[in-house]
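After this come two complexes, each holding chain A, first together with chain B and then together with chain C.
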Partner chain A sequence: MPELRRDPIIGRWVIIAKERGKRPFDFVIEPERTKGGFCPLCPGNEATTPPEVLAYGRDAHDPNGQGWRVRVVPNKFPALIIEGDLDKRGEGIYDKMNGIGAHEVIIETPNHYETMATMDLEQLALVFRAYRDRIVDLSGDPRFQYIIIFKNKGKAAGASLEHAHSQLIALPIIPHLIQEELKGCMKYYDYRDRCVFCDIIRQERSQNIRVVCENDEFITICPFAPRSPFEMWFLPKRHYSRFVSMNDEQIKMMAELFSTTMKKLDTAIKDVPFNFMLHTAPLRENGLEYFHWHIEIMPKVTTVAGFEWGTGFYINSTPPEEAARVLKETEIS
Partner chain B sequence: MPELRRDPIIGRWVIIAKERGKRPFDFVIEPERTKGGFCPLCPGNEATTPPEVLAYGRDAHDPNGQGWRVRVVPNKFPALIIEGDLDKRGEGIYDKMNGIGAHEVIIETPNHYETMATMDLEQLALVFRAYRDRIVDLSGDPRFQYIIIFKNKGKAAGASLEHAHSQLIALPIIPHLIQEELKGCMKYYDYRDRCVFCDIIRQERSQNIRVVCENDEFITICPFAPRSPFEMWFLPKRHYSRFVSMNDEQIKMMAELFSTTMKKLDTAIKDVPFNFMLHTAPLRENGLEYFHWHIEIMPKVTTVAGFEWGTGFYINSTPPEEAARVLKETEIS
Partner chain C sequence: MSDKKRILVVDDEESIHLLYREEFEEEGYEVVSAMSGEEALQLFKEDPPDLVVLDINMPGMDGIEVLRQMKQMQPDIPVILSSAYPEYKQELASWASDDYIVKSFNMDELKESVKKHIARKK
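Our next item is the complex of A and B:
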């Protein structure tokens, strides 16, 4: 059983998930699966993953067969497990609980060679619908407080499989960094009576030096204080705190601008590894005035070292104004 | 001029330090200098570094000659620059200031092939004396609020030079993560009237399942909620909030236990890349009851990916009890 442990100083939680049979100093990181090798996410290999929890695009009669367009399965090596009670308890001055949670893999396409930058808009919209529908479904479990959806692309960004996929983790607590973000937004709202993200969008559109692209509903910017070169934030222009509020029409518009964003990134820095993280309001909150859902996209082009670890202070050699200019001028096909 | 920018939500600061002449998408990370190549930190090449600010072990008559045992020089490619005013200012809703600060390199040994795990205790004590003496010297500059000393060892941990060295950065603000740490410690102190680190040391010594090694003055433990496999914390057993309070006798004892810690790590996981960060009280604080200086040692054996970026929540496959047992049992020569 994995364990959730709380750092007694910062309040940061960690998941201690011992992999069975592995000695504590076996750190051979699984190589990214190369083109042509066996891929558990490809059609035909459905039986090698745990049984699916969602599939779009095929007849429901064959729940683990081929013909799907997007498929969601539990992670075969989950960081948290779904069965059991939290059993919150202490160990002297320390706090811990059982590692209860959900860990799922969203297989974005049946095509091994397709990426978010190359798939068509309808396919990308299906991926975002899967995000939404899995959050809605898991919200029914009263043990969960927060759901994070993220993507690791490329080995340097932590991906162990090449086939395009995202991941979802449902947590029994609100992570420290999300709490920090919520607190920061609340402070701003208390002072100005406005959402800080709405103000950011307003200022960025008027300054127009860090905007990468936009359509009627969404906007991509390079943030004012980016942690890494070419960091981007993708936001709905109108105020929504919960990603699940997006209807199918909005998801279509979202796919359109996200596709442009991915194409620009992939063209400007060929095959760049990256992570993205969907930040949405905690599950038990219902329409927050002060928070605004968004996706943070972090290209992995540098190494996080001692200074960043020690201070939470980042050194970035690419001003966001330059990154935005390069991305804006990048022509995509 | 580098710029310090504040994220308007979290309050995290970043340094935007554009490297001259570099295009924004040149991310070829400098390879770690291999054995035998030209090394700017080796004796004989003193002229290739900026003029030294400290040297131990040689006649002061030849300030940039050979014969030194430990040498400190300004970083040739500094993230912050020492001359100028902060000029704090806004840009709409955003905050920024000039990137004023010091960025120095502590060359730990004249011997290119020596490491903290192999150098003798006297040499290691000189390194820690250099840390202390540089902090004392830079504290005189009223623009600085905080000094962090850290080490990147190995390419995966962000080192671009092989020759053993640490780095020092003096900052005009207290970094977000340090503020978080101070706040957490203060909260604990408010509630219990005791230092959380003193309580941790007391519990660890009594449980004795996460202690790696100790002597009369210092202790190394694997923390209860480690972010990475084999994370270690090195602490003085008695309460001191400021590293600069250490006298020469204590620094000798520190070198003794730190050497053991490094030897154990280096033997248990051969040539492991790692970062360490010295956390001490802010410069303008004078003996805090609630904070305790310490060094956090983070071996780099896994990749930080989207989940960690998005939540500040870490997944660790090695329980600290196992890491401590392995390190404790590791025999060193």
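Our next item is the complex of A and C:
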């Protein structure tokens, strides 16, 4: 019989269609043809991007030249612009403000064909350092309330370029979905006086049926009520609400486990497109006792359609216990 | 041989060609038309223009693929993407272009961009 499961944080329901029990080989991913050719993110084409705001691995005397290992540039045609005032105003019942924000692209590697599953740990740690350092830098701008970092991999997940990159958007408001998550965490904290994510980590480690992998500092689990088959959450084991609290040593440990997670996913479902989103505390909050930063990884193996849009319910054909078992048993090189 | 600057307009809509031809010829440019990505690449190879105005959404080869191949062959020829879809503007694949103009009946923005990029190429 199918099972309805409720997410303990925001109360979202999902239908776990257990009897269908799709396994990795049931998801046939059409391999994407590698296009190669001209790529604005490749070394040598630095002039086709706006001037960089951060680069690691290259001498400071040669800005916007080659030799970088990770490079961050503003979006060439931004949806939100960095200059100007918010000018918050109303028009009858409608609220509006100027489209102020920052939209940046983190170019994760100079190698066009490298992915988060194949790059070495030092490279991956540089990517996470770039995430942290850009958040720190943009936090200084009082107009911004929230920064979301996300990655789209593969055409089906919304990526229009194959060169590995993530994106950062700084917003003058806290997105509704994040507000809902914060409210859910606060409600749980008011009731139990504990962080819901810390409790989830404790229970998952004790039950050990949805844990994919872990090291001393981080853990990857398949959540109890996942929206899509093989959805994973990546969390620090210790309580931190802000991603920027991670020091270089923790970032190394993070790279180690995130690499394992990516390798397992990429091996279990070859070339799977996915999105991931970094959820961290709003910029104007200091350490929050009720919130825990984490990364949500959503493999794109199904299509969200009318039922999901109309109800907010998701139908998932792979129970997270099955997904975690498969991923845990997946051997990586 | 004419010393007029030549613009290659690539779009699958006849009405766009009529509009752009009239406007650009009035500005003193020579206009060459291609109705598809394949035809555009052929014309681009045979006789490279001074600038390309390229639609994204076309049957067959789309504008992004055409852009990629043009930049591979001749990175210095400016290509302006002209699309009815503003939401595609932020896509990184459009970065290979020199500008991205959302189609509008008001041609001022496009004409200004053409003028700027042709001057830059001199």
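Convention: the second predicted complex is superposed on the first by the 299 of 333 C-alpha atoms of A that agree within 3 Å, B and C clash if a C-alpha of one lies under 4 Å from a C-alpha of the other, contacts with A are read in each partner's own complex, and residues count from 1 in each chain.
By definition in this document, a residue touches a chain if its C-beta (ideal position, glycine included) is under 8 Å from a C-beta of that chain, and two chains touch if they have at least 3 such contacts.
Predicted model, so just to flag it, every value in this text is computed and none were measured.
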item	value
Partner chain in contact with A:150 - chain B first, chain C second, else both or neither	first
Partner chain(s) touched by A:323 [first = chain B, second = chain C, both, neither]	first
Which of chain B and chain C A:79 touches, first, second, both or neither	both
Which partner reaches more residues of chain A (counting touched residues only), chain B or chain C	B
Which of chain B and chain C A:11 touches, first, second, both or neither	first
Which superposed partner A:313 touches (first chain B, second chain C, both, neither)	first
Contacts of A:161 with chain B and chain C, given as first, second, both or neither	second
First, second, both or neither for A:198, with chain B first and chain C second	neither
Touching both chain B and chain C, residues of chain A	79
Chain A partner contacts - residues on chain C that touch it in the complex	64, 68-69, 71-72, 75, 89-96, 100
Chain A - residues contacting chain C, complex	35, 37-41, 48-49, 75-79, 103, 105, 160-161, 165
List of chain B residues in touch with chain A within their complex	3, 5-19, 22, 24-25, 27, 29, 79, 91-94, 148, 150-152, 155-159, 167, 169, 171, 175-178, 180-181, 184-185, 188, 196-197, 199-200, 203, 207, 223-227, 229-230, 268-269, 275-279, 296, 298, 301-307, 309-320, 322-323, 326
